[in-house]
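Got a structure for you, questions after.
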């Protein structure tokens, strides 16, 4: 397989290149962007920013809550031992444990989802350039079809790249 | 009906002679820690006779008060134990399961009466002192908490005998070591659920009161106040 | 930000990772030996019996529990603070967050050791863990110590993740600028991070969720630590204000710890350009506020007891204010309140040096505060016949000392192998303001449109 | 366990591990066949008699099986044996009535003491070095008989001396019989806190040369002159039982009691009223009370007890409340009030013991109290005092004061039977020198104490649990209680009952002696020939108050010195029992220590704080001990418990604390020659900061330490 990409020094340049690619009829999903830091100002940064992360976190919290409620109650009833004139299932203290495990559930759910959705840990793809972490912004296309190739290259150069790179 | 073991201590007849203290050591295999450890505040006396001075010479008085585990119904030492080593039995005793104890010493802090003791080292009985050990009472290893049990070994022994003889436990069948040794008969042990038992009778006495009642621990030891005349 | 400055920034912050001087090895060897000694002391204590300590009847808790509370307190510097700053999106947080969060992670690990060290039978500590076992008995959820277990586990997990996630992009950076073994290791650590918009988005929203989740947890942790005391009917322990009192104290000591750590980094890693006096100024203000808050709490506590005049509590009050613990008590008041307030409330004195001085005082003072909460109360419970006092024994001193060494050691190693300042977050900080950027780039791109 | 032990231990464990792995037979323990059939885990209760003091409490012993390490025909091994586990008071015994004091509880450790002497020994090192070598019983007995034979051959039978404690029951009878038929004088008895003076007084007043039995249980008002009857005096267990009954035993009636003493004893702590009085003036107070009663128009009928007091018939004109207040320091009002109660609250009883008798005028004080009793008409009455039948006569003759050194010095063979005069007698008596001068000393003691360490030959006795015991208590019960009981367990070691050793010796002499007994059992079971009470001695002249004489003048030695019998150790004879060493002293909570009790004001005046070291100096010498601030003691008195300060007495007592007896002046009560151990004056000087030797169990002295202070 092969890929064509170019490196840009400013987000605007990168954005221009991206727009060019779209104009050249490249499907949005095929355009790859990589940067050493998050950008908020440019449209390209807003690709698939929509996320369920918040709801999943809440779900995780709920799972933690249910589990801990079950755990405390079950264990206290498993071998009921009287202490200090307290009820066998003592909700006041149990609430503390329930709270902690609820939060733990939320945190773990969040992190897991992050890893899954962000494909971490994963292998570094062919289309990558160490310059990215030096502040350059990479814009490119994987396996371009021969038909679109010229238009594509034109668009990338138009973005203001020094050179075209292939990998 | 389940028993509810309790004790009454008559401070008017207690002479503070300390026989109960030694009797407790003899019955419960309580180690003597030696002078060095005693100096570091590690002496173990499940039962201690507190003494408090009042007034100044020549109008000075001395108060004695034997303090052992009060076997509280709402014992602060119980819930704080993470491993249930300290818990409440069906007969209202404040039990300590040595094998469950991991030695957080939290129970000792929570106890307002300071009647819980910690094994700082493995107990030692230079031979043949070990021959005097009571086989009915387990030896506590280093790192666990121990305390007065109301001589639970005697309670169960008496209950087993009663069962064997197919009869109910009578009041006075059970005497913890301290009660038995007391020559002035200042201590009485028995079933608080039996309104006729001597200990119940004494607990109802107008002289009766509980130690640190306002801490809300519902102790099962009643102290009968000392009287004065002349 | 511009490519050039980005390069420079990376160079500066990666220098510690790539260059190693003999001083580093000397320091690690020194600290390491102290830590090793501490571990041996612990083994010795376990072998000989807990009696090697100065613990006695009635002082059943002392140095170890003091250290426990102290370190858990220190741990409140990092995560809590950086989480709050994230949420309010304070720009000056960027260079601070990571070195703060590291403190949390390590302080927690050290603090969590102490309940185990202090056990009579430490080899059985796992009996606090709820798992189906042959003893057929589960932990007693009514016990504050079990609450501790859950709270600390949650907080530690959360803090470590909170610390590690933002490190991934920086690992990627190190990966791309190193070769050979380093390249492989950091490559693995970077988890194949590319920096696609999607990854950036997920990372940032995950971070903000964590920030929200971690704050109540942090508060709960020290509240629960305070419950260890306030649940017991012990004079001057059994108090409703202990929760907030302890949390405040924790943040107080935490900030002090953070200031000292930052000052050290700034000096030894030559990060003057990134850790500016303004950072210390702001943290100093925070410290001042906490100092005042702490003073308020102590006053409230003491006044209530003094006025309430409950005989057992008065006994404890006396022994701390005027009795055998008075020297410690008044030292605490001076270094925790008098000195920090007088230094930090004067702008001219709120320099880096000033902040560091105040912070050292606060660390000492807060350790004393915990000691004075634990010991005098236990020594003066309801029945005067069983009153007692306490003197630490060598094992306790050695183990305590070694934990401070452990903190320094872990911190040094971390700063050696991980960019101690979050590079990518710093870069974001250097970007031109969001609005102008948006508006300009729209214009620029507008021209570009055919 | 210090570092050295630690290293040792690791070494040991290492080696033992290797040895175990080799599995060579030497390391396997042989199991011998039990001699008696035992049901494992089932407890048996056997009767015995507590040996700790003369009270002779009947006890029951819990006996259960245990693995005992033993040596049989040179082979070490383990055998299952029935061994004693715990002592309880015997409910059927009229003395203990089911109760038992701390010393009694601890007496089981006499049998299991790690430093007990387990086989006969012959001295190898210098005297007092404690170096001995093991010998067989035959050798040991041959040695002793040899010594006696040489004396017999030299027609010098007189110079055998048998030294023991008073009121040891039948074993003393045996010794006496042996000595008599051998041709030597009767055994000599010695006890520091013996009540010879009181016995003499009782003989004079009531014709009974023995200690009284006090019927507190039925008394409504009691006044005790210095008698620590709940702690250490006479028959504490019986008296405590009676005390309990007196307080709460009768519905609606609560007996009250007043304690007259100058240092609050355990008993004083329980008194309704504690009356401090100048030392040596107790008798005056008693007569003051008598005066007040007589003044209250009561027949002055006190029989011979009254007759023994000068001026009795004329209503004791010299003892008006005013005068008495002057002498004793007790307010006249108080005297009249107490006198009133004595009359109103019949039956009432008065008794005396302890320090007041240990003054140079002790006999007068005793007679005075007796007269008061007689006046109250309670002698032999319910709620009064009475005398246990068959209690009295002891076959020994007391070791008499200054005369003691000669009496011992003349001896050529000394037999020591569980008595420690070197520790318990004042230096000035020169008992140590006298004993050191004796050519041959044999001891039957089970422990090396200050005296028996001087022995050339040691023939260790069984412990009381291993042998036949008997007692005929002198007091504590209304009627006679001769008790005897068999061994409750087999001997642990190759020890022998002293009774049997004596019998064997008697038989093995060149000219064997015919003793009426063949075994220890016969001795214990035999009863004393009903010896009629000796004709009551009448005093040379009616007693009158004489100022007590104190050794050392008041300016040089400003403080009265009061050594008192400690609750745990009595006269020191039980200082080697770990339970008693670690038992907090009830009044001070001190453990493992000795101390000097000082009144708080005095301490303040002398700038002394708790635990400071002070030198207590008498004309006889100095002891150094930590200060114990003691609110219950007169400002001009310092007190020390007797019991610690042994030069030799097992690992638990050797070199621990100091011995107050060592600085006592050799003052005696003239009539009886008994040691007046409360008649010494001392001075005290600060000698240093606390050395950590004063070990206390208690934190605070007072229940409300801050009361009376502003916040």
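Labels for the chains are A, B, C and D, by order of writing; each one numbers its residues from 1.
Note that in this section contacts are C-beta pairs under 8 Å (C-beta built on N, C-alpha and C of every residue); 3 or more make two chains touch, one makes a residue touch a chain.
Predicted, not measured: the structure shown is a model, and the values here were computed from it.
Of all chains shown, B has the CA centroid lying nearest to the centroid of every protein CA atom. Inter-chain centre distance (subunit A to subunit D, centres taken as mean C-alpha positions): 89 Å. Averaged C-alpha coordinates put the centre of subunit B at 30 Å from the centre of subunit D. Separation between the centroids of subunit A and subunit C, computed from CA atoms only, is 29 Å. Centre-to-centre separation between subunit A and subunit B, using Cα means, comes to 64 Å. Contacts with at least two other chains are made by residues 1, 589, 698, 702-703 of subunit D. Those residues of subunit C in touch with two or more other chains are numbered 48-49, 137, 139-140, 142-143, 146, 384-386, 388. Annotation for subunit A: residues 81, 83-84, 86, 90, 93 touch two or more other chains. Going by the touch rule set out above, the chain pairs that meet are A-B, A-C, B-C, B-D, C-D.
Subunit B makes touch with subunit C in their complex at residues 37, 40-43, 48, 50-52, 67, 76, 79-84, 100-106, 108-110, 112-114, 117-122, 142-145, 212, 215-217. Against subunit B, in their complex, subunit A makes its touches with residues 81-86, 90, 93.
Listed in rising order, the residues of subunit B touching subunit A in the complex are 73-81, 84, 86-89, 218.
Residues 1, 6, 589, 698-700, 702-706, 711 of subunit D are the ones that touch subunit C when the two sit in their complex. Those residues of subunit C that touch subunit B in the complex are listed here as 48-51, 54-61, 115, 118-121, 124-125, 127-128, 135, 137, 139-140, 142-146, 149, 228, 231-234, 378, 381-386, 388.
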